[in-house]
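Input: structures, listed below.
Heads up, the next two complexes both have subunit A, just with different partners, subunit B and then subunit C.
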Partner chain A sequence: MIISRIVKSDIVYYQLHAEQAVTATYIDEEGSGIFEEVLTLNTLERIVDDFKSFPGYNLILDCQNLKSCQNNLKKKIKDFKDIAKSVVLTNAQKEIVEKLDLAIFSNPNNVEDGERFLCFYVSDKDDFAITNTTLFDDAFKESLIRYSTSDGEDPIYHESSSVYLSNYINIKKMISLDKNLFIYAIYKLAIKINEHWFKELNIKKPTLICQNLNSSYVASILSGFLKLDVLILDKLGPINKLYSTLDNKIKENESYLVVSDVVCLGTEMKIAKNLITFLGGHYLGNVSIIRVETLLSETKKFNDTECVFTITRENNPTNFQILTALNLVPNE
Partner chain B sequence: MNGPIPLIENGITFSPFYFYTYFIKRLADFYSGDSKDNDLQFALTFGDEADSLISKYYLDPIALPLVLSISAQLANYQRKPIKLLLSNNAGTNRLLEFLFRSDFFYLVGDNRNPNLPLGKKIFDFNSSYIGDFNNHLQRAEHKVRCYSLKDESVLAYKINHRSEEEQRDFLVEHFTFKVKEHFADLLFENQNTTELTNDFIEIFSELITNGVLHSQSEAFALMFSDKFKTKFSISDNGIGLYNSLTKKSDSSYYTKFEIFNALSQTFKLRVSANIKNSVLSIFETLYYSMLKDRQGLFDLLCNIVIHCKGYFRLHTEYAQIIVSSRMLNDLDILYRIRQQIVEVHNLLLFGQISEQDFSIQIVRLAEIGKTHFLKLANSIFDRFNEDTRFSSIRLYEVKFRGVHIEVEIPNSASHDNI
Partner chain C sequence: MNKAIIHLSDLHVSLHKDLNDLDLKSSIKTLLNSDVTDPDCLAFIDEFCSFVKQEYPDTELYLLVTGDIANVSEVDEYTAAQFYLERIIKELGISVSNTMIIPGDHDVNRDNNKYAHTNGKADNPHKKSYEYQEEKLKNFSDFYKNFYKQDFSFKAAIVSIIEFPEELLLIAGLNSTHMIDYKGGDGFIDLETLRAELEQLDEKFPTHSKIAAVHHNMFSSFENKATGQWEHANRISVISLLQKHNFKCLICGNEHTRGSGSNSQNNIYYSDPGAFTSSSPAASFKIYPINSEQGSLSLGLQIFVLQNAKKVAIDHKFGSWGLLRNKDISELAEIQLIEPPVASIQENPALDTLGVDPLPEIEVATAQTVSNLVSYKNDFYSAALFKIVKDKKLFHSGHFHWSETSRAHNWIDISNILNHKDDLSLAKNAILDVISECNLVDQFDFIIGLGIEGTILSTRAAVKYNKPFSFLPYSYRYDEHSPYEKQLNFDNKGEYKSVLIITDVVHDGRTLRKLINKREPGFFAKVERIMVISLFYTGEGQLDNPRILNSNVLEIDPLTDHEEERIEYYYILPLKVERCPYDHNFRTECLIVREGLGCVHHFYDENKALEKISADEFDS
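On to the complex of A and B.
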């Protein structure tokens, strides 16, 4: 399975560390998830196989977060060169370029930044220009538009927060039909979590809390990437509320990270936060794939939260609106 | 000698040096003596029960893979486990505890519990001696490991259809994960090894791959880390370097046994033909690996000695070579030639030069490499004549089958006094 492939006009993009994390999580027995920093054979073999369906495309191999690579992988790079029109490595540590034996190429268009190459062309000649750096965001937006559904003209009633929504993002459909992109988004979330809570992840080993089917899907993959435990707190709402057995699930002085698929007004997240704090647990923050910023940054600082995609007034591809009866124009 | 052969004697550290110099000799004496028809017996420790309170038994943990390797060979030879006599008293208790906690007894016994190392039936011992320990804390990672393709039949199946080089890459990847699982905690112990972690893991997984792939049998390994050094020892029962070399084929820039033949003309040491073969095959192997288009043993050696400032000891059959920073100057020259050789290979791979240009350049480089290599080898032989104690090669009268490698790397990267 390849999660990070993004195709845009004549460019094919792969994030090598994301693929390495998949190798390290699902193929290696113990698994080191996103903490794996060395590129290995299996990962490149999988990508070469996948890339065979794109002959003549320009290939971007993003090496962000990788520190080194296994020896003797140069033949795989040769395979890429044979299939692709041209190959470029981005965000590659110099060690990787050396270990892949690519130092024989020197291209005037290479961009260096200290110990790494921002881009390194695997060729001596001039090559294609990488202008578009928002490949993932664009792909995710497209997917969001594709899986947003509205109920005709009628706004949708949102039970847990008592508001109306103009349209609704069908995460279940996105998970099933855009599986790879969605897992890639979870990978991105894992990287962000690791950056945000680096110290806590190493010392306290927080537990991931999820509350429904979608978020437990996200949490289960996150737990593989981050090597954390999962706790499913079912029936926290919006429809069923059943708090009778919570105190033997949440442990005192343990740290918890609340996982959601979409945070809209944050009602469910707040219920979880209150319960954790009430039962003596330590609430670290909440993470989600999509977050709707309903408040201005002057009003609230989002310090305890991470997400992959934010819906704001400027960045609202599906024209998502939260409505109440006060500003709703009734159908007549 | 009659009676059991003692492994560890009072007051003498059982180190790899002791193993090669005295222990193997003792085994040879046993098989050449009168008692050879009796079954071989080992005693873990040697000494009177009465002295047990003042006895001190020292074991350098990295000698364990060597003991396992030779014992596996002998157990195989006599077709039943070797009797190992234990005793548990004030003197030996700590030693027994260390061995127990390192999983030694599971590995050599007949353990079938899959959660613990599978027993290889090397020793036959009375397990009722094992116990009554003081519960000393021991690093969970200080364990003896056994790697074998036989134990992982799925793995053997997966690599079946691949070419030898692909098999190697595949296994290196597999063992990278294993090594990380087994030893990474040892390496994250201090700041300095943390920086070198990826190097260590890579080196060890390459060594294990060499061991299991060549030998087609078990490779025993152990990593031990103390305040100053991280040591790693791996030992296999394979066919050895000379026999591996006979399987290689000639190419435009390499003729089989060229260093071997060149050196054997200038080889002046008065030793038996067997010993000479072993020594020369070590040099031949390193030279062959220096010319290859892939990273191999030679690069590994340079990585250990030049980059990690460590010690590299390789033993096969009758001879051992010790590579350390003492050889740094010669090694540095060879390393630079090696880099040029790799570059020429890469230029060919990526189609930057023609086959013909490649041939001309590589033959020229191989010639330079050969000259320097012979110079290094001859100077090592000369120094052996002068002073055997500080020599870079050690020669033994008794054959110990397989390839046995010990690596010592200082924990501090800037530590130059090793």
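On to the complex of A and C.
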């Protein structure tokens, strides 16, 4: 399974570390998830097999987050070159370029940045415009538009927050029908969690809390990527009824990250936060695939959230609106 | 007594300080360094020993190390390597004579080799750099002598042997560093030397099965040469010689990539354990239990991988050892050195005289008649799962009501099993093991996770087998979910003929039959096989019958249940729970409920259910 392939016009893009994380979580049983730093043959073989469906395309192999590679990958790079029109590595440590025996290529369009190449063309002459900065965002936006549903002109009642929505982001449909891209989004969330809480705040073992079917799917995959415990706090939100064993689940002084699929007004997240705090746990924050930014940046007090895609006034591909009875005219 | 060979390779014990005494530990990429007081290194060795002891009690162990003992072949590296290896053999009770250590390319000291070559130019202008065997392997040979109390043979091709007299098995250790010099190089063995030594070996051990142990790999398909890291012409000749002298297997290291296989062209097995101290990819080693019975001889092949390496929240930062248990990994399960003799068919003359009819021909099952279903049995996973339930005290007694018609006096708190990442990982792997052991790989073309627990359990299978995937709430909780959560999001016009459902607990299968026939009848209409896997089976049916949940096996109530005959059911652990003995009259007949004598745990909205009952009664 390839999660990071994005095709745009004549370019095919793969994020090698994301694929390595899949190998290290799901294919090579019990690997290190996103903490894997070395590209292995198994991963590259999977990508070569996938790329065989795109002969004549320009290929971007993004090496971000990889520090090295196995010594036995040279033949696979040749396989890529045989299939592709041209091949470029981005964000590649120089050690990777050397181990792949690619230093023989000297392309004037290569861009160095200290110990890595921001881009390295696997050819002396090739050149094509690299647009990998927006590839994921563009693909995710397309998926978001595809799987947002509306009820005609009628607003949709949002059960847990007593508001209306102009349209519904059908995350479950994205999970099912855009499975690979969605897992890539979860990988990106795992990288952000690692950067935010593990590296910056040095918090080592928070427990992930999931509250419904969608977030249980996200939490299960995050647990594999990050090697974290998962706690099911079922029956929050619309049902708002708790298992009698709840107080055994939240442990005093332990840290918890609440996992959501979409954070709109944050009602369910706040219920979870209150419960965690009430029972003596340490609420670290909320992570989600999509977050609707309802506050202006100057109003936000805490930086305790991470998400993969933020819906803002400026970035609102589905024209998503939160409405109340006070203002029940969409787009007013 | 059982016997087993531990195969380590590529230790790469690395210097922890440079010549100026500056600390190098932060830049070391392997898990063993030359500081023998380093608690991480000691813990790594001790964890390894205690893990092997636990996995192989009452076993006579042998240790085989296929090269790259040191990283740059410095004296301090070997001093530490000797310390670590002696600690291992002492802990595991391995005698020195039951060990074999052969050199790899990293055991060539490049500086010594270059120095000898440069200084030797005057006296020997034609002597090649790699020919300075004694100089380049001096530090290794000193280590070897300290360890074995005997000299390392520079000129020999076969530098060491281990004999197993009872099993008539021999392991010959080869030195493949002949052509390695200060610039590197490929594996190479002098053919004439090897030929002569193999002939001597044949004379001494004419009937033994033979295994060659060597550092460089011959069968890698990874390199751009596709022939391993070996000098091309020499490789062909060495393989040919080994074949001629009855070598059945080649065990090696070098690539830091574990693997094994059977080379059909050369009719020879090969196995590489991966690097023992690699931090990424994960460190690994192998153990080959020797199986010798009734004229056959084989080596089992068990792969141990350092799991949790670099993960957060672990006891040791290097991780913990674990056995790869999935059967569908691309490694051999066994290396067959001598095939078991084919049992001859004994003619029974009495058959003729008694005029017994020949046996009727057995009908071959067609693909449609799935009659030979295999029930699942794996003591490891069932015992591990049971241990979690017992240790965490997750099997509860009381009154547990899931719906008006589903009540029991026990409850397994599954969410607490899935809570801890290691337990969750074990549970997910158990599901994969069922798929593998019951021959379900490639048998399903759609996966459904059932309930939150089933959704969490099914993610590894969904990614690993890369099939269309969705998830649904439990049938008895459908009303509690929003319409979007209840959508499967896939139509089925016949493209999904076999569906795999993964869930946590199954009792009598009513929930499943309801899902199939009431919740998603359109999707399942064209489904021919419905495979269900759960962690626990809490019912009381025949345990080894995968058809146990079908209505033609069970007695079902046609008013509240559904006819269904397509289910194949597999579970990891049977753990029977007691059903509530009362019928719909439980509110008046059950003393506990009626009088409120004890706590009743409701997993459903009782008020809503009572309202519905009242409305139905009113309508009727």
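Note that the second predicted complex is superposed on the first by the 315 of 332 C-alpha atoms of A that agree within 3 Å, B and C clash if a C-alpha of one lies under 4 Å from a C-alpha of the other, contacts with A are read in each partner's own complex, and residues count from 1 in each chain.
Going forward, a contact is a pair of C-beta atoms (placed from the backbone, for glycine too) under 8 Å apart; a residue touches a chain by one contact, two chains touch by 3 or more.
As the structure is a computational prediction, the values presented were derived from the model and not from experiment.
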| item | value |
| --- | --- |
| Three-chain arrangement built on subunit A, subunit B and subunit C clash or fit | clash |
| Partner chain in contact with A:K227 - subunit B first, subunit C second, else both or neither | second |
| Partner chain in contact with A:K81 - subunit B first, subunit C second, else both or neither | first |
| Which superposed partner A:F198 touches (first subunit B, second subunit C, both, neither) | second |
| Which superposed partner A:I104 touches (first subunit B, second subunit C, both, neither) | first |
| Comparing the two partners subunit B and subunit C, which touches a greater set of residues in subunit A | C |
| Contacts of A:N170 with subunit B and subunit C, given as first, second, both or neither | second |
| Contacts of A:V22 with subunit B and subunit C, given as first, second, both or neither | second |
| Subunit B versus subunit C as contact partner of A:F278, first or second or both or neither | neither |
| First, second, both or neither for A:Y157, with subunit B first and subunit C second | neither |
| Listed stretches 38-46, 128-136 or 182-190 of subunit B, narrowed to the one that overlaps subunit C | 182-190 |
| Those residues of subunit A which subunit B touches in one complex and subunit C touches in the other | 24, 28-30, 32, 37-38, 40-41, 68, 70-75, 78 |
| Contact footprint of subunit A on subunit C as seen in their complex | 220, 222-224, 226, 255-257, 280-282, 305, 307-313, 322, 324-326, 329, 413, 415-416, 418-421, 424-425, 429, 449, 452-453, 455-457, 459-460, 462-464, 466, 468-473, 480-482, 484-485, 487-490, 599, 601, 603, 605 |
| Subunit C-facing residues of subunit A, complex | 1, 22, 24-33, 35-38, 40-41, 68, 70-75, 78, 159, 168, 170, 172-173, 175-177, 179, 183, 198, 204-205, 207, 210, 212-214, 216-217, 219-221, 223-224, 226-232, 234-235, 238-239, 241, 243-245, 249 |
| Residues on subunit A engaged by subunit B in the complex (per definition of touch) | 24, 28-30, 32, 37-38, 40-42, 67-68, 70-75, 78, 81, 101-105, 122, 124 |
| Footprint of subunit A on subunit B - complex, ascending | 165, 168-170, 172-173, 176-177, 180-181, 198, 201-202, 206, 294-295, 299, 342-343, 346-347, 349-350, 352 |
